[in-house]
Amino acid sequence: MDDIQRLIALQDIRALMARRVRCLDEKDWMGFADCYAEDAISYSLSANGETGVRGNRVIAEGVKKALEGVATAHNLHEPEIQLVSEDSATAIWPLNDLLSWEKEGKRYWLRGYGHYRQVYKKIGGRWLITEHRLTRLIMEHGNEAPAPMVIPNR
Amino acid sequence: MDDIQRLIALQDIRALMARRVRCLDEKDWMGFADCYAEDAISYSLSANGETGVRGNRVIAEGVKKALEGVATAHNLHEPEIQLVSEDSATAIWPLNDLLSWEKEGKRYWLRGYGHYRQVYKKIGGRWLITEHRLTRLIMEHGNEAPAPMVIPNR
Amino acid sequence: MDDIQRLIALQDIRALMARRVRCLDEKDWMGFADCYAEDAISYSLSANGETGVRGNRVIAEGVKKALEGVATAHNLHEPEIQLVSEDSATAIWPLNDLLSWEKEGKRYWLRGYGHYRQVYKKIGGRWLITEHRLTRLIMEHGNEAPAPMVIPNR
(Lines give C-alpha, C1' and ligand atoms only; values in the text may rest on other atoms or scores of the structure.)
Protein backbone atom coordinates (compact mmCIF):
# COMPACT_ATOMS: atom_id res chain seq x y z
CA MET A 1 0.00 0.00 0.00
CA ASP A 2 1.37 3.38 -0.92
CA ASP A 3 0.69 6.58 0.99
CA ILE A 4 -2.37 7.57 -1.02
CA GLN A 5 -3.91 4.12 -0.72
CA ARG A 6 -3.40 4.27 3.04
CA LEU A 7 -5.02 7.72 3.30
CA ILE A 8 -7.99 6.55 1.23
CA ALA A 9 -8.42 3.44 3.38
CA LEU A 10 -8.42 5.58 6.56
CA GLN A 11 -10.99 7.91 5.01
CA ASP A 12 -13.20 5.01 3.88
CA ILE A 13 -13.19 3.45 7.35
CA ARG A 14 -14.10 6.83 8.89
CA ALA A 15 -17.01 7.19 6.47
CA LEU A 16 -18.16 3.62 7.18
CA MET A 17 -18.35 4.35 10.89
CA ALA A 18 -20.07 7.72 10.42
CA ARG A 19 -22.69 5.91 8.34
CA ARG A 20 -23.05 3.13 10.94
CA VAL A 21 -23.96 5.50 13.78
CA ARG A 22 -26.26 7.63 11.62
CA CYS A 23 -28.16 4.50 10.52
CA LEU A 24 -28.29 3.42 14.17
CA ASP A 25 -29.70 6.76 15.40
CA GLU A 26 -32.11 7.12 12.48
CA LYS A 27 -33.17 3.46 12.90
CA ASP A 28 -32.24 2.53 9.33
CA TRP A 29 -31.65 -1.15 10.13
CA MET A 30 -30.93 -2.22 6.55
CA GLY A 31 -28.26 0.47 6.29
CA PHE A 32 -26.92 -0.52 9.70
CA ALA A 33 -26.62 -4.22 8.76
CA ASP A 34 -24.92 -3.18 5.52
CA CYS A 35 -21.96 -1.73 7.51
CA TYR A 36 -21.04 -5.21 8.78
CA ALA A 37 -19.59 -8.22 6.97
CA GLU A 38 -22.15 -11.03 6.56
CA ASP A 39 -20.40 -13.17 9.19
CA ALA A 40 -19.40 -10.30 11.48
CA ILE A 41 -19.37 -10.90 15.23
CA SER A 42 -20.53 -8.35 17.82
CA TYR A 43 -19.74 -8.62 21.54
CA SER A 44 -21.79 -5.57 22.54
CA LEU A 45 -25.23 -7.19 22.72
CA SER A 46 -24.57 -9.40 25.73
CA ALA A 47 -24.70 -8.12 29.29
CA ASN A 48 -21.14 -9.26 30.00
CA GLY A 49 -19.68 -8.11 26.68
CA GLU A 50 -18.08 -11.53 26.26
CA THR A 51 -20.68 -13.54 24.38
CA GLY A 52 -20.62 -12.83 20.67
CA VAL A 53 -23.58 -12.57 18.31
CA ARG A 54 -22.75 -13.57 14.73
CA GLY A 55 -24.22 -12.36 11.43
CA ASN A 56 -24.87 -8.82 10.25
CA ARG A 57 -28.66 -9.30 10.10
CA VAL A 58 -28.78 -11.00 13.49
CA ILE A 59 -26.77 -8.13 14.98
CA ALA A 60 -29.03 -5.50 13.39
CA GLU A 61 -32.15 -7.37 14.58
CA GLY A 62 -30.75 -7.56 18.12
CA VAL A 63 -29.89 -3.87 18.28
CA LYS A 64 -33.28 -2.96 16.77
CA LYS A 65 -35.11 -4.91 19.49
CA ALA A 66 -32.95 -3.49 22.30
CA LEU A 67 -33.70 0.06 21.16
CA GLU A 68 -37.43 -0.19 20.46
CA GLY A 69 -39.07 3.02 21.70
CA VAL A 70 -35.71 4.50 22.62
CA ALA A 71 -34.30 7.65 20.99
CA THR A 72 -30.51 7.46 20.66
CA ALA A 73 -27.56 9.66 19.76
CA HIS A 74 -24.20 7.94 19.21
CA ASN A 75 -21.18 10.23 18.88
CA LEU A 76 -17.82 9.12 17.51
CA HIS A 77 -14.66 11.04 18.33
CA GLU A 78 -11.18 11.15 16.79
CA PRO A 79 -10.15 7.48 16.19
CA GLU A 80 -6.94 5.48 16.22
CA ILE A 81 -7.03 3.38 13.03
CA GLN A 82 -4.32 0.81 12.27
CA LEU A 83 -4.02 -0.56 8.74
CA VAL A 84 -2.81 -4.14 9.12
CA SER A 85 -2.72 -5.00 5.40
CA GLU A 86 -4.34 -3.90 2.14
CA ASP A 87 -7.63 -5.42 3.22
CA SER A 88 -7.61 -5.57 7.02
CA ALA A 89 -7.55 -2.94 9.74
CA THR A 90 -8.36 -2.32 13.40
CA ALA A 91 -9.54 0.78 15.21
CA ILE A 92 -10.33 2.24 18.61
CA TRP A 93 -13.11 4.85 18.49
CA PRO A 94 -14.08 6.96 21.51
CA LEU A 95 -17.88 6.65 21.68
CA ASN A 96 -20.52 8.45 23.71
CA ASP A 97 -24.10 7.32 23.52
CA LEU A 98 -27.25 8.87 24.91
CA LEU A 99 -30.43 6.79 25.21
CA SER A 100 -33.70 8.51 26.04
CA TRP A 101 -37.15 6.97 26.56
CA GLU A 102 -40.44 7.58 28.37
CA LYS A 103 -42.26 5.24 30.71
CA GLU A 104 -45.29 6.06 32.86
CA GLY A 105 -44.91 9.81 32.31
CA LYS A 106 -41.26 9.88 33.25
CA ARG A 107 -38.29 10.39 30.97
CA TYR A 108 -35.42 7.97 31.53
CA TRP A 109 -31.96 8.50 30.13
CA LEU A 110 -28.67 6.67 30.03
CA ARG A 111 -25.40 8.21 28.93
CA GLY A 112 -22.32 6.10 28.31
CA TYR A 113 -18.68 6.93 27.63
CA GLY A 114 -16.28 4.36 26.27
CA HIS A 115 -14.55 2.91 23.23
CA TYR A 116 -15.54 0.83 20.24
CA ARG A 117 -12.76 -1.67 19.48
CA GLN A 118 -13.19 -3.05 15.98
CA VAL A 119 -11.73 -5.15 13.21
CA TYR A 120 -12.46 -4.45 9.53
CA LYS A 121 -11.96 -6.34 6.27
CA LYS A 122 -12.16 -5.01 2.74
CA ILE A 123 -14.56 -7.36 0.98
CA GLY A 124 -15.61 -6.85 -2.63
CA GLY A 125 -14.00 -3.41 -2.65
CA ARG A 126 -15.78 -2.17 0.50
CA TRP A 127 -14.49 -1.85 4.06
CA LEU A 128 -16.85 -3.64 6.48
CA ILE A 129 -16.89 -4.31 10.22
CA THR A 130 -16.01 -7.93 11.05
CA GLU A 131 -15.62 -7.63 14.84
CA HIS A 132 -17.19 -5.15 17.23
CA ARG A 133 -16.59 -4.67 20.96
CA LEU A 134 -17.53 -1.93 23.40
CA THR A 135 -15.59 -1.02 26.55
CA ARG A 136 -16.90 1.50 29.06
CA LEU A 137 -15.27 4.34 31.00
CA ILE A 138 -18.26 6.01 32.68
CA MET A 139 -22.02 5.40 32.77
CA GLU A 140 -24.61 7.94 33.92
CA HIS A 141 -28.37 7.59 34.16
CA GLY A 142 -31.41 9.36 35.55
CA ASN A 143 -35.11 9.93 35.26
CA GLU A 144 -37.26 12.99 35.53
CA ALA A 145 -40.74 14.21 34.70
CA PRO A 146 -40.83 15.37 31.08
CA ALA A 147 -41.52 19.04 30.46
CA PRO A 148 -43.21 20.56 27.43
CA MET A 149 -40.70 21.99 24.99
CA VAL A 150 -40.99 24.41 22.11
CA ILE A 151 -37.53 24.81 20.70
CA PRO A 152 -36.60 26.64 17.53
CA ASN A 153 -34.12 24.88 15.27
CA ARG A 154 -30.70 26.40 15.29
CA MET B 1 -10.67 14.87 -9.59
CA ASP B 2 -7.87 12.48 -8.74
CA ASP B 3 -7.45 10.76 -5.37
CA ILE B 4 -5.25 13.47 -3.85
CA GLN B 5 -7.59 16.25 -4.93
CA ARG B 6 -10.49 14.36 -3.36
CA LEU B 7 -8.60 13.89 -0.08
CA ILE B 8 -7.67 17.58 0.01
CA ALA B 9 -11.28 18.62 -0.66
CA LEU B 10 -12.51 16.40 2.21
CA GLN B 11 -9.88 17.89 4.51
CA ASP B 12 -10.73 21.46 3.49
CA ILE B 13 -14.45 20.91 4.16
CA ARG B 14 -13.62 19.42 7.58
CA ALA B 15 -11.48 22.46 8.43
CA LEU B 16 -14.22 24.83 7.21
CA MET B 17 -16.73 23.24 9.58
CA ALA B 18 -14.30 23.17 12.52
CA ARG B 19 -13.77 26.89 11.99
CA ARG B 20 -17.53 27.55 11.68
CA VAL B 21 -18.35 26.07 15.10
CA ARG B 22 -15.33 27.66 16.80
CA CYS B 23 -16.36 31.10 15.47
CA LEU B 24 -19.92 30.37 16.63
CA ASP B 25 -18.86 29.41 20.17
CA GLU B 26 -16.32 32.23 20.46
CA LYS B 27 -18.90 34.67 19.02
CA ASP B 28 -16.62 35.72 16.14
CA TRP B 29 -19.49 36.74 13.86
CA MET B 30 -17.29 38.02 11.02
CA GLY B 31 -15.46 34.69 10.96
CA PHE B 32 -18.76 32.84 11.16
CA ALA B 33 -20.26 34.75 8.19
CA ASP B 34 -17.05 34.10 6.24
CA CYS B 35 -17.74 30.33 6.31
CA TYR B 36 -20.88 30.80 4.17
CA ALA B 37 -21.25 31.78 0.52
CA GLU B 38 -22.65 35.31 0.11
CA ASP B 39 -26.02 33.99 -1.05
CA ALA B 40 -26.11 30.95 1.27
CA ILE B 41 -29.44 29.82 2.67
CA SER B 42 -29.96 28.54 6.22
CA TYR B 43 -33.06 26.67 7.35
CA SER B 44 -32.01 26.46 11.00
CA LEU B 45 -33.15 29.90 12.16
CA SER B 46 -36.90 29.32 11.82
CA ALA B 47 -38.96 27.47 14.42
CA ASN B 48 -40.18 24.92 11.87
CA GLY B 49 -36.84 24.47 10.13
CA GLU B 50 -38.59 25.01 6.78
CA THR B 51 -38.32 28.74 6.20
CA GLY B 52 -34.92 29.74 4.82
CA VAL B 53 -32.90 32.83 5.66
CA ARG B 54 -30.67 33.98 2.80
CA GLY B 55 -27.33 35.79 2.88
CA ASN B 56 -24.23 35.03 4.94
CA ARG B 57 -24.40 38.33 6.87
CA VAL B 58 -28.14 38.00 7.51
CA ILE B 59 -27.58 34.45 8.80
CA ALA B 60 -24.72 35.57 11.07
CA GLU B 61 -26.79 38.48 12.37
CA GLY B 62 -29.75 36.17 13.10
CA VAL B 63 -27.62 33.64 14.98
CA LYS B 64 -25.87 36.44 16.90
CA LYS B 65 -29.22 37.83 18.09
CA ALA B 66 -30.59 34.40 19.01
CA LEU B 67 -27.52 33.70 21.16
CA GLU B 68 -27.14 37.03 22.96
CA GLY B 69 -26.18 36.32 26.58
CA VAL B 70 -26.00 32.59 25.88
CA ALA B 71 -22.79 30.57 26.22
CA THR B 72 -22.62 27.78 23.64
CA ALA B 73 -20.56 24.70 22.78
CA HIS B 74 -21.17 23.07 19.38
CA ASN B 75 -19.50 19.68 18.83
CA LEU B 76 -19.08 18.07 15.42
CA HIS B 77 -18.55 14.34 15.11
CA GLU B 78 -17.26 12.10 12.32
CA PRO B 79 -19.00 13.26 9.10
CA GLU B 80 -20.23 11.69 5.88
CA ILE B 81 -18.98 13.95 3.08
CA GLN B 82 -19.93 13.33 -0.57
CA LEU B 83 -17.96 15.07 -3.30
CA VAL B 84 -20.42 15.70 -6.11
CA SER B 85 -17.99 17.43 -8.49
CA GLU B 86 -14.75 19.39 -8.38
CA ASP B 87 -16.52 22.33 -6.81
CA SER B 88 -19.63 20.98 -5.08
CA ALA B 89 -20.20 18.64 -2.17
CA THR B 90 -22.74 17.62 0.46
CA ALA B 91 -22.30 16.39 4.03
CA ILE B 92 -24.13 15.06 7.05
CA TRP B 93 -22.45 16.03 10.34
CA PRO B 94 -23.56 14.67 13.72
CA LEU B 95 -23.89 17.77 15.89
CA ASN B 96 -24.43 18.24 19.63
CA ASP B 97 -24.96 21.69 21.01
CA LEU B 98 -25.13 22.91 24.57
CA LEU B 99 -26.65 26.33 25.35
CA SER B 100 -26.28 27.79 28.83
CA TRP B 101 -27.64 31.06 30.21
CA GLU B 102 -28.72 32.70 33.47
CA LYS B 103 -32.02 34.41 34.23
CA GLU B 104 -33.22 35.63 37.64
CA GLY B 105 -30.50 33.72 39.48
CA LYS B 106 -31.18 30.42 37.77
CA ARG B 107 -29.06 28.68 35.17
CA TYR B 108 -30.97 27.37 32.16
CA TRP B 109 -29.53 24.89 29.73
CA LEU B 110 -30.54 23.20 26.52
CA ARG B 111 -28.72 20.28 24.97
CA GLY B 112 -29.50 19.09 21.46
CA TYR B 113 -28.44 16.06 19.43
CA GLY B 114 -28.92 15.89 15.69
CA HIS B 115 -27.39 16.35 12.25
CA TYR B 116 -26.29 19.24 10.12
CA ARG B 117 -27.19 18.54 6.48
CA GLN B 118 -25.25 20.86 4.21
CA VAL B 119 -24.32 21.75 0.66
CA TYR B 120 -20.96 23.34 -0.21
CA LYS B 121 -19.53 25.06 -3.28
CA LYS B 122 -15.92 25.89 -4.02
CA ILE B 123 -15.94 29.58 -4.88
CA GLY B 124 -12.76 31.51 -5.66
CA GLY B 125 -10.65 28.59 -4.48
CA ARG B 126 -12.42 28.22 -1.10
CA TRP B 127 -15.07 25.73 0.02
CA LEU B 128 -18.08 27.57 1.49
CA ILE B 129 -21.46 26.54 2.89
CA THR B 130 -24.31 27.28 0.47
CA GLU B 131 -27.13 25.41 2.25
CA HIS B 132 -27.53 24.56 5.92
CA ARG B 133 -30.20 22.46 7.63
CA LEU B 134 -30.47 20.98 11.11
CA THR B 135 -32.43 17.84 12.01
CA ARG B 136 -32.89 16.72 15.60
CA LEU B 137 -32.68 13.33 17.33
CA ILE B 138 -33.01 14.29 21.01
CA MET B 139 -33.46 17.53 22.98
CA GLU B 140 -32.83 17.93 26.71
CA HIS B 141 -33.26 20.98 28.88
CA GLY B 142 -33.30 22.01 32.51
CA ASN B 143 -32.74 24.77 35.00
CA GLU B 144 -31.11 24.90 38.38
CA ALA B 145 -29.72 27.39 40.87
CA PRO B 146 -26.15 28.25 39.90
CA ALA B 147 -23.40 27.27 42.32
CA PRO B 148 -20.08 29.01 42.82
CA MET B 149 -17.27 27.22 41.02
CA VAL B 150 -13.52 27.37 41.32
CA ILE B 151 -12.13 24.95 38.79
CA PRO B 152 -8.51 24.50 37.86
CA ASN B 153 -7.72 24.32 34.17
CA ARG B 154 -6.82 20.89 32.97
CA MET C 1 5.97 19.70 1.69
CA ASP C 2 3.86 18.33 -1.12
CA ASP C 3 0.14 17.58 -0.84
CA ILE C 4 0.58 13.96 0.25
CA GLN C 5 3.12 14.88 2.92
CA ARG C 6 0.69 17.49 4.26
CA LEU C 7 -2.19 15.01 4.36
CA ILE C 8 -0.01 12.46 6.16
CA ALA C 9 1.13 15.06 8.70
CA LEU C 10 -2.48 16.03 9.44
CA GLN C 11 -3.42 12.36 9.86
CA ASP C 12 -0.43 11.72 12.15
CA ILE C 13 -1.30 14.67 14.39
CA ARG C 14 -4.92 13.46 14.59
CA ALA C 15 -3.75 9.98 15.61
CA LEU C 16 -1.35 11.46 18.19
CA MET C 17 -4.19 13.32 19.86
CA ALA C 18 -6.58 10.35 19.74
CA ARG C 19 -3.88 8.34 21.50
CA ARG C 20 -3.26 11.09 24.07
CA VAL C 21 -6.87 11.20 25.28
CA ARG C 22 -7.24 7.41 25.26
CA CYS C 23 -4.11 7.07 27.41
CA LEU C 24 -5.49 9.82 29.68
CA ASP C 25 -8.87 8.12 30.14
CA GLU C 26 -7.38 4.64 30.51
CA LYS C 27 -4.76 6.03 32.93
CA ASP C 28 -1.83 4.80 30.82
CA TRP C 29 0.60 7.42 32.11
CA MET C 30 3.65 6.13 30.21
CA GLY C 31 1.67 6.28 26.97
CA PHE C 32 0.38 9.73 27.91
CA ALA C 33 3.88 11.11 28.60
CA ASP C 34 5.04 9.59 25.30
CA CYS C 35 2.70 11.93 23.38
CA TYR C 36 4.68 14.99 24.55
CA ALA C 37 8.18 16.17 23.65
CA GLU C 38 10.63 15.74 26.53
CA ASP C 39 10.73 19.48 27.20
CA ALA C 40 7.06 20.14 26.44
CA ILE C 41 5.24 22.81 28.44
CA SER C 42 1.65 22.51 29.66
CA TYR C 43 -0.41 25.45 30.91
CA SER C 44 -3.43 23.37 31.90
CA LEU C 45 -2.27 22.18 35.32
CA SER C 46 -2.36 25.56 37.07
CA ALA C 47 -5.56 27.12 38.39
CA ASN C 48 -5.07 30.26 36.31
CA GLY C 49 -3.95 28.50 33.14
CA GLU C 50 -0.98 30.85 32.94
CA THR C 51 1.76 29.06 34.87
CA GLY C 52 3.47 26.41 32.77
CA VAL C 53 4.70 23.00 33.89
CA ARG C 54 7.66 21.73 31.88
CA GLY C 55 8.72 18.19 31.01
CA ASN C 56 6.63 15.32 29.65
CA ARG C 57 7.10 13.16 32.75
CA VAL C 58 6.37 16.03 35.12
CA ILE C 59 3.19 16.83 33.16
CA ALA C 60 2.08 13.18 33.22
CA GLU C 61 2.81 12.93 36.96
CA GLY C 62 0.82 16.11 37.64
CA VAL C 63 -2.20 14.94 35.64
CA LYS C 64 -2.02 11.49 37.27
CA LYS C 65 -2.13 13.04 40.76
CA ALA C 66 -4.96 15.45 39.87
CA LEU C 67 -7.08 12.56 38.59
CA GLU C 68 -6.49 9.97 41.32
CA GLY C 69 -9.78 8.20 42.02
CA VAL C 70 -11.49 10.11 39.23
CA ALA C 71 -13.00 8.42 36.16
CA THR C 72 -12.62 10.60 33.06
CA ALA C 73 -13.81 10.77 29.46
CA HIS C 74 -12.12 13.30 27.17
CA ASN C 75 -13.73 13.81 23.76
CA LEU C 76 -12.00 15.53 20.85
CA HIS C 77 -14.01 17.02 18.01
CA GLU C 78 -13.14 18.11 14.48
CA PRO C 79 -9.89 20.13 14.74
CA GLU C 80 -8.30 23.07 12.95
CA ILE C 81 -4.69 22.02 12.27
CA GLN C 82 -2.17 24.43 10.70
CA LEU C 83 1.08 23.04 9.28
CA VAL C 84 3.69 25.74 9.83
CA SER C 85 6.63 23.86 8.30
CA GLU C 86 7.73 20.30 7.60
CA ASP C 87 8.27 19.71 11.30
CA SER C 88 6.08 22.18 13.16
CA ALA C 89 2.33 22.67 13.44
CA THR C 90 -0.39 24.20 15.60
CA ALA C 91 -3.95 23.13 16.28
CA ILE C 92 -7.18 24.10 18.00
CA TRP C 93 -9.20 21.08 19.17
CA PRO C 94 -12.71 21.36 20.61
CA LEU C 95 -12.57 19.31 23.81
CA ASN C 96 -15.24 18.12 26.22
CA ASP C 97 -14.25 16.37 29.39
CA LEU C 98 -16.33 14.57 31.97
CA LEU C 99 -14.89 13.86 35.42
CA SER C 100 -16.75 11.55 37.78
CA TRP C 101 -15.87 10.54 41.33
CA GLU C 102 -17.44 9.38 44.60
CA LYS C 103 -17.03 10.92 48.04
CA GLU C 104 -18.98 10.01 51.18
CA GLY C 105 -21.62 8.10 49.22
CA LYS C 106 -22.24 10.86 46.72
CA ARG C 107 -21.25 10.97 43.08
CA TYR C 108 -19.64 14.24 41.98
CA TRP C 109 -19.24 15.21 38.36
CA LEU C 110 -17.71 18.00 36.38
CA ARG C 111 -18.27 18.55 32.69
CA GLY C 112 -16.19 21.04 30.73
CA TYR C 113 -16.43 22.43 27.20
CA GLY C 114 -13.56 24.27 25.59
CA HIS C 115 -10.54 24.13 23.30
CA TYR C 116 -7.09 22.64 23.44
CA ARG C 117 -4.64 25.04 21.78
CA GLN C 118 -1.41 23.24 20.97
CA VAL C 119 1.96 23.40 19.27
CA TYR C 120 3.63 20.28 17.81
CA LYS C 121 7.10 19.46 16.54
CA LYS C 122 8.21 16.46 14.50
CA ILE C 123 11.14 15.02 16.44
CA GLY C 124 12.94 11.85 15.35
CA GLY C 125 10.23 11.16 12.78
CA ARG C 126 7.32 11.47 15.26
CA TRP C 127 4.91 14.35 15.83
CA LEU C 128 4.85 15.32 19.52
CA ILE C 129 3.09 17.98 21.61
CA THR C 130 5.45 20.79 22.65
CA GLU C 131 2.91 23.26 24.07
CA HIS C 132 -0.52 22.62 25.53
CA ARG C 133 -3.17 25.11 26.66
CA LEU C 134 -6.83 24.76 27.55
CA THR C 135 -9.46 27.48 27.19
CA ARG C 136 -13.01 27.06 28.49
CA LEU C 137 -16.42 27.90 27.07
CA ILE C 138 -18.78 26.33 29.63
CA MET C 139 -18.36 24.39 32.90
CA GLU C 140 -21.08 22.31 34.55
CA HIS C 141 -20.96 20.36 37.79
CA GLY C 142 -23.20 18.53 40.18
CA ASN C 143 -23.51 15.83 42.79
CA GLU C 144 -26.10 13.23 43.48
CA ALA C 145 -26.59 10.00 45.39
CA PRO C 146 -25.28 7.10 43.32
CA ALA C 147 -27.84 4.52 42.17
CA PRO C 148 -27.21 0.85 41.50
CA MET C 149 -26.79 0.14 37.80
CA VAL C 150 -26.90 -3.00 35.74
CA ILE C 151 -26.32 -2.00 32.16
CA PRO C 152 -25.87 -4.33 29.23
CA ASN C 153 -23.05 -3.49 26.85
CA ARG C 154 -24.21 -2.13 23.55
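Here are some notes:
Going in written order, the chains are labelled A, B and C, and every chain counts its residues from 1.
We adopt the following convention: contacts are C-beta pairs under 8 Å (C-beta built on N, C-alpha and C of every residue); 3 or more make two chains touch, one makes a residue touch a chain.
Note that this is a predicted model, so its numbers are computed, not measured.
At the interface between subunit B and subunit C, under half of the residue numbers involved are used by both copies, so each side presents largely different positions.
Matching the C-alpha atoms of subunit A with those of subunit C calls for a turn of 120 degrees, to the nearest 5. Here the CA centre of subunit B is 24 Å from the CA centre of subunit C. Multi-chain contact residues, meaning those touching two or more other chains, occur in subunit C at positions 4, 7, 75, 77, 79. Residues of subunit B touching subunit C in their complex: 4, 7-8, 11, 14-15, 17-19, 21-22, 25-26, 71-73, 75-77, 79, 98, 100, 109, 147, 149-154. Listed in rising order, the residues of subunit B touching subunit A in the complex are 3-4, 7, 10, 43-49, 63, 66, 75, 77-81, 92, 94, 96-97, 110, 112-115, 134, 136-141.
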